[in-house]
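Chain nomenclature is as follows: A, B and C, assigned in order of appearance, with residue numbering initiated at 1 for each chain independently.
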């Protein structure tokens, strides 16, 4: 009973926050709505007996990624999205319509495919630290390692971009590549 | 502390991912070289040595794989495959890496990139390519494609100062991310519908009535869309011309060969492997993708005067031809694999040649720039002609045989209309490829400048041309290998 | 209602109250301590009649003043985020304490009750996750105030806290490898053993480098001197809380002090045996003095150690000068982070070697 109530509250806030993320005009408000949305998702994970995933969701998304988002938004000091006029023009309406159609589509898909089918409760200890650790080092070992490769590639790429950043401005005047 | 869990590494597994390890070690080597030396010549020399060693090691370890009875083996926690198919693509990518090291060097330096920086990122991309052909579940597939694309996002734009270059990089990054998101969304729907991400398990579920589940269908369609994006097939091709044109030619060469081949390797594994039952559900979608790719690609290429754009549109068309093979039976799949190999060799050669033409910082851009090339540089023009003829599908080159196989299997499995369309569009293809050939051989007013080719470049270009010709004159041996590779897929 | 629910409610109420009540105490410690260090008297005049309690009444006077101040909002400040920011700083800091064990489990009416609000298998990760939210509060405060100094302070603090959060997390990896657990109570219990029967097997002895790195990162994470650049008054007036006054300002203060308590408690749990009374295991203690006294002893041990680290925070603040911003970043990224990685690596190697020798691997 209480669990169900919590589920509906979390889902409602989650959806509301997600909507706010895409509809609000102030970038900082959008970022904060996204954080709220992610936090609610974490709550839903916790309800699905995946407490560790929930905690990681908070740690990584709300605590790290979104803070960087906010940081960049603030650093650029973005003002309200420049869409004040023409806010409700045809294209916008069309976009909204497509999104809505997609939503209905998705609902129908899920309803038709899974309606009434219940996958059952997770096995005890499924979301536990030990189970996750074991999966990471057996079934998903390759994925785990590939992600580390991916991150390394990203780091190398970022270093290259930043190293070239000031130099490329010079290079426009030839020979400035350091 | 609990009892230690053994890692799922069986004897022989590390050999089976040997090419991957070799190229990752090469990537680490490049980074070490960048740190260790300060003098540019030393950096360059060691980059080249390490790169060639890495490519050679990848090829050797690929050949060392114990294929056994020819059946697919799941390795490393059932996340990856090891079979003849992976060996085939490993060799292709290893060759590509070697060719890129030798042929793209001039273009890399011309684009004001340092070779060590370029190749350290490219090596990660190659690691992703080696993974795509062996991914055995959707997670590995997604990660492989990300690993393959991520370095290219950087490479496409980090050294450019021009507006088109920046536009290309941004376009590639944004659209690539969208494609990844679509792929991921498809994977999520698929998982939601079946509760699994393993190809084998998915295949079993799909063949036992997956049609009842629209979730699976939607997932399949989205995954196909994501892959079609990476491959550059219509209607997910919009990025291709601008990105190919705006990126440095060395990067474009990598996109046109490696990324496309890797995307195709993944798509073939996904649609013709254990999931073959799923193919019939998306065959209509695939039919349209193929037909539109052929028409739009060839028609678009016909209108281009810029060589890179021309090759971009033609690569869209080739994606269509290759995917046509998937509509057929196992022979069709083999034809697709064969076509991929021929395509990669020809395009690697064609871009290899294009990279050497140019004056100082400037590259040759339009078809007219190539006027009179044969007068001044007959040998390289001859090589270029061979590659172009292969792309156009004119005998005695590999392109003709590949097209023959693909159309043949399409006709055999009843896709006669598609085959006819393919033949018709190929005729358009001949028109625009021959325009380049005519510009080189029959006009003489221009004086295109050629950068100096090192002996190794001549050797590599010659080998590429020779293999393209060999695949056209005696296709039998590779055709047999490809067929048994495809058999091991299922 | 069974006993676990009741105990849970009691704990959920008392532990935050305890944490909140430690704030006036810490403020007093800070003021009198700084005076002591600087050879002054410090505030000692607030009184109720003749009672001054060595200045202990000052924090209460402060609290009353802050509560009765007008809640003022600058015109251009953001109407929602401006008041939200202080809450985002305080609440996570308080939530973090939920998993800190104050003593070993107690047995009451047949139930085993942990002496923390919730005993999580991954309590340490939870602490990091929740405390990472408070960065948001500070960032938001800087932005929502619509003031240049605030924005600069907010940006500085975000960059600083993100940088040092990494080091903070990585520096304890070594310790976590040694313990093989993420459960704070489990970690505290594992530190009850002794080396050679004399030296308590506290984490600080097994992970001296890890402890040092953790401590430095903790100072930065708490925005305390020598890393209090976000509010460096000589450059930024008061940093991210320039525009805040009254209760909202004191909520930032509270957040800072609670974070101090939390980090001290974390330090104690990870590196100084948590609730362990040195040389005496829970069982031995319980056998001699009985359960209530055992819990009291352990709680006092924990509180004493935590207070010591709180005092260390204050001590350092009034001893060291402030870093320059580039020095701070260089220290974080080029010294502490690499050293933490080395620490993890070496620890893993040593553990591997030990495992080999014992034949378990």
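Quick notes
What we mean here is this: a residue touches a chain if its C-beta (ideal position, glycine included) is under 8 Å from a C-beta of that chain, and two chains touch if they have at least 3 such contacts.
Since this is a predicted model, take the numbers as computed values, not measurements.
The central chain of the assembly on a C-alpha centroid basis is A. Taking A-C and A-B together, the pair of chains sharing more C-beta contacts is A-B. Spacing of chain B relative to chain C, judged by their CA centroids, is 53 angstrom.
Each chain gets one centre point, the mean of its Cα atoms, and the points for chain A and chain C are 29 Å apart. Centroid to centroid, with C-alpha atoms defining each point, chain A and chain B lie 30 Å apart. Shared interface positions of chain B, i.e. residues touching 2 or more other chains, are given as 2.
Put simply, chain A touches chain B in their complex at residues 108-110, 112-114, 119, 130, 134, 137-143, 146-147, 149-150, 152-154, 156-158, 160-161, 164, 168, 171-172, 177.
Against chain A, the residues of chain B that register as touching in their complex are 2, 5, 7-8, 24, 31, 76-80, 112, 114, 117, 120-121, 124-125, 127, 131, 139-140, 143-144, 146-147, 150-151, 153-154, 158-161, 189, 192-193, 195, 212-216, 218.
The part of chain A that touches chain C in the complex is made up of residues 28-29, 32, 35, 51-52, 55-56, 58-59, 62-64, 66-68, 70-71, 74-75, 128-129. Only residues 81, 120-122, 125-126, 128-130, 132-133, 135-136, 139-140, 142-143, 151, 154-155, 158-159, 162, 165, 182 of chain C touch chain A when the two sit together in their complex.
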